[in-house]
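Here chain A shows up in two complexes: once beside chain B, once beside chain C.
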Partner chain A sequence: MSDVILETRALSKHFGGLKAVDSVDMSVREGTIHGIIGPNGAGKTTFFNLLTGLIEVTRGAVLFGGRDITGIPPERVAGIGMSRTFQNIKLFRFMTVLDNVKVGFHTRTKTGLLGAVVRNAAFRADETFVAEQGLELLDFVGLRKQAYNLAANLSYGTQRRLEIARALATDPKVLLLDEPAAGMNPSEKSEVMELIRKISSLGRTIVVIEHDMKLIMNLCDVITVLNQGLKICEGTPAEVRNDPDVISAYLGHARGA
Partner chain B sequence: MNYYLQTLVDGIAQGSIYALMAIGFAMIMGILGLVTFTHGEVIMIGAFAGFYALTFLKTGIFVALVAGFAAAWILGLVIELICYRRWPKGPDETWLITTIGVSTVLKSGAQIVLGTEQQLVPDVYTGFWTLGGVRILHIQVFMLVVLFILSAGLWLFLKKTRTGLELKAVSMDKTAAALLGVDVRRILVIGNAIGCALCGVSGVLLGVYYNSVHAVMGGSAGLKSFASAVLGGLTSIPGAAIGGILLGIFENVGVLFFSSGWRDVIAFLILIAVLLVRPSGLLGRKGAEKV
Partner chain C sequence: MKALVRMVQRHGTLSMLCAAGVLLAVPFLIRGNDYLLRIAINILLYSVLATSLNMINGYSGQFNIGQAGFYCIGAYTAAILATRYGVGFWLALPASGLIAALSSVLLGIPTARLRGIFLAICTLGFSEIVRLTILNWIEFTRGPMGIPGIPFPTFFGYEISSNFGFYFLILTIAAVTLFVCHRVLNSRIGRAWIAIREDELAAKSMGIPTTRYKIYNLAFGTFWAGAAGCFYAYLSSYVSADSFTLDEGFAILCMVLVGGPGSLIGPLVGAFFLVVLPEMFRFLAEYRLVIFGLAILVTMHVRPQGIAGGGVFAAIAPDSEEPAGKGAAS
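Let's turn to the complex of A and B:
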């Protein structure tokens, strides 16, 4: 059995009296595709924001590769090997597609301002590396042809793919995807599913939040179900599908049950 | 006819100063995502740095420009420390208020330390050419050249360097940039310092062009840079340059038709007109601004 790479222990976020995330224990095993589902307002995105240091943890801990990273500043998240996309796409809209990806390579190149001014060998090597890797990455997600278009001019589904490419540029061990198929048509959805499988097959661990049940059931090895901030179920797609708590969370309680 | 051409030439020359300060303003605004109020005082300090270089150290105009650039750069670092870094947790508007405070301190401090009277700045490049009855001062051409070199340098920096790319990334989305490993704090320091330094240079030119510097010159200069930036689209750097040149031309045309007392009124009128007719400015990006 593979090792746990990302783990939360009693992770909680309280906004005043509202328990957006309440004592969630979750273990993500290396190399798996781990789904997080739950009705609207279940705390899924808040959970991602806690993992990536965008909001302060009220209680509990986040462990990455066995190391406590609770309260890590967002700037250091990429450095330890975690990267994410956003439910409401957060691209650098007025940059080219390639430049968007280039920013993600930041953590992997070393030359500073001085190198850029004198344009020494190390700087030129870095630039070539970034440009080549960037184009390769765009190829991987199927965006090479649009490399020099502005990100803002891409279609919605394409923007989501670019966001995934940009997240991959930091070479993450764990990729967090927040509703990667939201607002897509069925053919785009199956393309994204293929892409996620491809990324997973290269050995990266993926945690994905998604509303589309068909997609998540087909894709994930393990699924965690959140409802009103609480973890109500965890297991394989088949286990989750037949869990009475999950059914009642999604469909409401049966009368007299 | 010559009269109008002359006005146009004077307007463009004056506009080149506004363009420089507006570029600095747009740069800072883009990085912070907020209007700041220390701008005029940075221009004033730059102007004095240039003035002292020219009068006490008897240096040439180039050293004076470098002095203005350096003084404003350092002031930019200090402003970042006092106004931004110390208040990481508060609402965004905190920065707005802290810059108002620092601006007041700088303005009043300058009046105490540097005196309240206007200082005479020696002439630089007094020669001129006459082209078909239109007089073009050497200093006017010089100012345009300075504007051109600095904007080209900035453009190359933003386009060709990693830090430039990160500056753009931070100005478009701080959260996403941070999660990609960009050191947002460092970018903020650099962007703010560059913006301030450009304003410092514009201050030196302002002092040299009008042969005067004084401690309260920042008020009107800050307004001009704000009006130019709004005209160009607030955070758009090419927009700010065009906005500055246009404001210079409008001002001189306005003075031609009314009187020189109307000079500052025109900047205000343009500000109001742009906000009424096209709030996103000439080259502004709709829906991208945080202001």
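Let's turn to the complex of A and C:
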């Protein structure tokens, strides 16, 4: 059994009286693809926001590689090896596709003001590294041809892939994907599934939120089910599929499992 | 116009050389005419000021409308250093920039978390506080009397005392400003600023400490306004708080908006139009701001991204990254 890389203990987020995330314990093992499912409003995105420091934790703890990172400022998350995509796409719209990815390399480069002005050896090394690796990443997600287009001009599905490339540029140990296949047609979906498998096979741990059951059941090693902020079930796809609580949670929300 | 733009895009270096040639030739053509020389100097001075503001408003998206305050700080720094401490122009120039940048950090630390209109109001207030402090701190700034008697700058023993000389001085400053801005924008620092403008939360998630970078951006932008202030002090040999009212800040803002924020060429185009237009309508001198307001209205209606904004001159603004041969090959 591999080690746990990401763990939450009784993690909670209350918005006033609403318990959006309610005492969730979850362990993600290194190298796995870990799915999170649940009906709309179950607290999945809020859970990601807690992991990445975007919102304040009400109670509980987040551990990364055994280290307590509860309340970490969001700008430090990339540096420790965790990176994410957003359900409501958040690209740098009026930057080129390549520049979007280049921003992802921010924490892995060091050039200061002076280096940028005189273009010293360190700056040139940084820029070459960022440009080469950036193009390679675009190749990896199949966006090389669009490298010099504006991100705003990409189609919806393509924007999601660019967000993945940008997140990968930070060289994350754990990649958090919030509905990476939302709004895609079936062929785009299977492409994204392939992409996630490819990323996983390169040794990165993946946590993925998704509503598409076929995708999640095919892809994940472990699935955690949230409903109204609570973890109601966790297990292999086969276990989750047959769990009576899961079935009733989904039927109650008129979304077929 | 379209053909011109395309030509400029295709031959970036050549166009730059042509522009440099024209800028170097202009003072010789109008050498005897001090009025025209003054206009040319003003265009370049406002180009630096508008560029400095564009670094902030156009690239990191922080809405600063008090740039006149930093311009003022630069001018007074130079005036005081020159008249009281005998500091020469070439030392006063970076010193004025640094003092302006430093004061922007003092403003930036408490305001970096503010956005949009709230930040705008703070910068506006700051600009007025600077002016009123100078007006009232009589022992230090001589208040409403201003500081006269700023000596002419010298260059390797030659005194720069004519408009002809000042033209080349400001041309050099403008060239250095643009060169440095261009290089910084095309680095991880510039990319971080633009990322913050586009989506601050996403920038944070990419590991950019956005608060620090916003203050950094404010300091970088205001440095050039401070340097412009130093040039202005030496050019007029006299500084007074009257020259740095909110109107002045609005004028600089108009140049950025009309020319095209977020492009290096935009503020230069804006400075050109908004220096030349009021000269053409001299009889409307008191309505300078009305002319500027109209210019903004027309721009927003006809070309909301500004005359040269929205990538018209993209090939000479940021590095033209697509190597010519590559696009054809793939």
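Following the convention adopted for this analysis, the second predicted complex is superposed on the first by the 252 of 257 C-alpha atoms of A that agree within 3 Å, B and C clash if a C-alpha of one lies under 4 Å from a C-alpha of the other, contacts with A are read in each partner's own complex, and residues count from 1 in each chain.
Definition applied: a contact is a pair of C-beta atoms (placed from the backbone, for glycine too) under 8 Å apart; a residue touches a chain by one contact, two chains touch by 3 or more.
Just so you know, these numbers come straight off a predicted model, no measurement behind them.
If you put the two complexes together on chain A, you find that chain B and chain C bump into each other. For chain A, the partner that touches more of its residues is C, with chain B and chain C as the two candidates.
In the overlay built on the shared chain, the residue A:L54 is in contact with chain B and with chain C. Judged by the touch definition given at the top, the superposed model places A:K102 against both chain B and chain C. Once the two complexes are overlaid on the shared chain, A:F92 sits against chain B and chain C alike.
Of the two partner chains placed by the overlay, chain B and chain C both lie in contact with A:S83.
Of the two partner chains, neither chain B nor chain C is touched by A:F64. Shared-chain residue A:K145: touches chain C; no touch with chain B. Counting contacts by the rule stated earlier, residues 52, 54, 74-79, 83-84, 86, 90-95, 99, 102-104, 106-107, 109, 111-113, 116-117, 126, 166, 169-170 of chain A appear in both its interface with chain B and its interface with chain C.
By the touch criterion given at the top, residues 52, 54, 73-79, 83-84, 86, 90-95, 99, 102-104, 106-107, 109, 111-113, 116-117, 126, 166-167, 169-170 of chain A touch chain B in their complex.
Interface of chain C with chain A (complex): residues 180, 183-184, 186-192, 194-195, 198-199, 201-210, 220, 262, 321-322, 327, 330. Residues of chain A touching chain C in their complex: 52, 54, 74-79, 83-84, 86, 90-96, 98-99, 102-107, 109, 111-113, 115-117, 119, 123, 126-127, 130, 144-145, 148, 166, 169-170. Residues 160-163, 165-166, 168-169, 172-173, 175-185, 285, 288 of chain B touch chain A in their complex.
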